[in-house]
Amino acid sequence: MMKGQVGQICFSRIFEDEDLVEAIRKRAEQNDIKSGALFVIGSLKRVVLGYYKEGKYDYIKLDDPLEIASGMGNIAVGEKGEVIVHMHLVVSNGKGEAFGGHLTEGSPVGATAELVIVEGVGVDLRRARDAKTGLNLWRPS
Amino acid sequence: MMKGQVGQICFSRIFEDEDLVEAIRKRAEQNDIKSGALFVIGSLKRVVLGYYKEGKYDYIKLDDPLEIASGMGNIAVGEKGEVIVHMHLVVSNGKGEAFGGHLTEGSPVGATAELVIVEGVGVDLRRARDAKTGLNLWRPS
Amino acid sequence: MMKGQVGQICFSRIFEDEDLVEAIRKRAEQNDIKSGALFVIGSLKRVVLGYYKEGKYDYIKLDDPLEIASGMGNIAVGEKGEVIVHMHLVVSNGKGEAFGGHLTEGSPVGATAELVIVEGVGVDLRRARDAKTGLNLWRPS
């Protein structure tokens, strides 16, 4: 278990048509946030959700406007020092039916999305390619 | 992006039959919390979920007892200085089926709900009416 | 409302086949974390979800591999001083369909799960048996 202190708490509105995961990555990069927990609520015009199966992702595309009922994830740093945002979503449609999965690019924000980041400092949270799963996993910690 | 420090972390039980969003707003007001992230798990006797569409909310009512599988949101201040709680829920029924949306009044707590607030200080997180969407959005930040 | 300060922020990978709730409890115990908020994303090989009804839990078992679309909960201390992890999940299957409920033992992690704990210090968050509901509830606060 990697333990650090809480740094800043950051609040950022994400605007209509911004790609959700790209928008978060950009804000983390611009504000030099290298580790933390993140939380999002809001809406999406459509979404691409990943489902991991035997070494790769299947993708589920939902083309209706959706509420982001829950967006949860974290910020870490990759092997080249790049910021990696890993986030899972629960979205819901006009009947309230909920769907979930790994947030993938191609998911533009609807009216708005509200991002909160709780930064971790004094930690070195890194991802590295895992041969068995093909995923960028947190290094054992 | 608005950046501040983390203030207090607050834990509060919400009791049977309290209206969930009102109960959170009341606790924030009484404790002078003006910005923060909030998280809730527990149960509800029934729920009203909002789905935003073209300038207004449609409402989905679920009348069965439900688990609060996820409650996530934030606290900000409105144009008149009032505390505004904005929160999205994922709820689940006796078959485990999940539903989601914007938490609306008319959603009383079941056996219990457990609220955690991570307060932000040194930020001025405000909402203002947005003409295009009709929503109280975070001011651009 | 019980108010404290934020202690450490902890990041921990949970490994394939670890039982999710046991793994979290073990990490909290080993690191002497007695109160806090916790967040998990990742995957599960299968899950047992509880649905509270009239004094007891019904259990819903889902045997397919699932994404943990959201895992949210808290750490508190029981009447004998033991660490109690209370957590609700939203999981999703290969069609993206979401299910939710109270996380129960018998839910082993898939490729990985990523745990974040935001510790609370200066609080005494305790659970005690509630006669009416039969649940270990937060003491009124």
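As written, the chains take the letters A, B and C, and residue 1 is the first residue of each chain.
Please note the rule applied: a residue touches a chain if its C-beta (ideal position, glycine included) is under 8 Å from a C-beta of that chain, and two chains touch if they have at least 3 such contacts.
In this text the structure is predicted, and so the values were computed from the model without any measurement.
A.B. asks: Both chain A and chain C are touched by which chains?
C.D. replies: Touches both chain A and chain C: B.
A.B. asks: At the place where copies chain A and chain B touch, is the share of residue numbers found on both sides over half (same) or under half (different)?
C.D. replies: Different; most numbers are used by only one of chain A and chain B.
A.B. asks: Where the centres are mean C-alpha positions, what is the separation of chain A from chain B, in Å?
C.D. replies: 21
A.B. asks: Residue numbers in chain C touching 2 or more other chains?
C.D. replies: In chain C, 6, 70, 72, 90, 98, 100, 118 touch at least two other chains.
A.B. asks: Can you name the residues of chain C that touch chain A in the complex?
C.D. replies: Touching chain A: residues 6, 8-13, 15, 27, 30-31, 39, 41, 43, 65, 67-72, 90-98, 100, 110-112, 114, 116, 118 of chain C.
A.B. asks: Which part of chain C faces chain B closely enough to touch in the complex?
C.D. replies: 1-6, 35-37, 49-53, 58, 60, 62, 70, 72-74, 86-90, 98-102, 118, 120, 123, 125, 133, 135, 137-141
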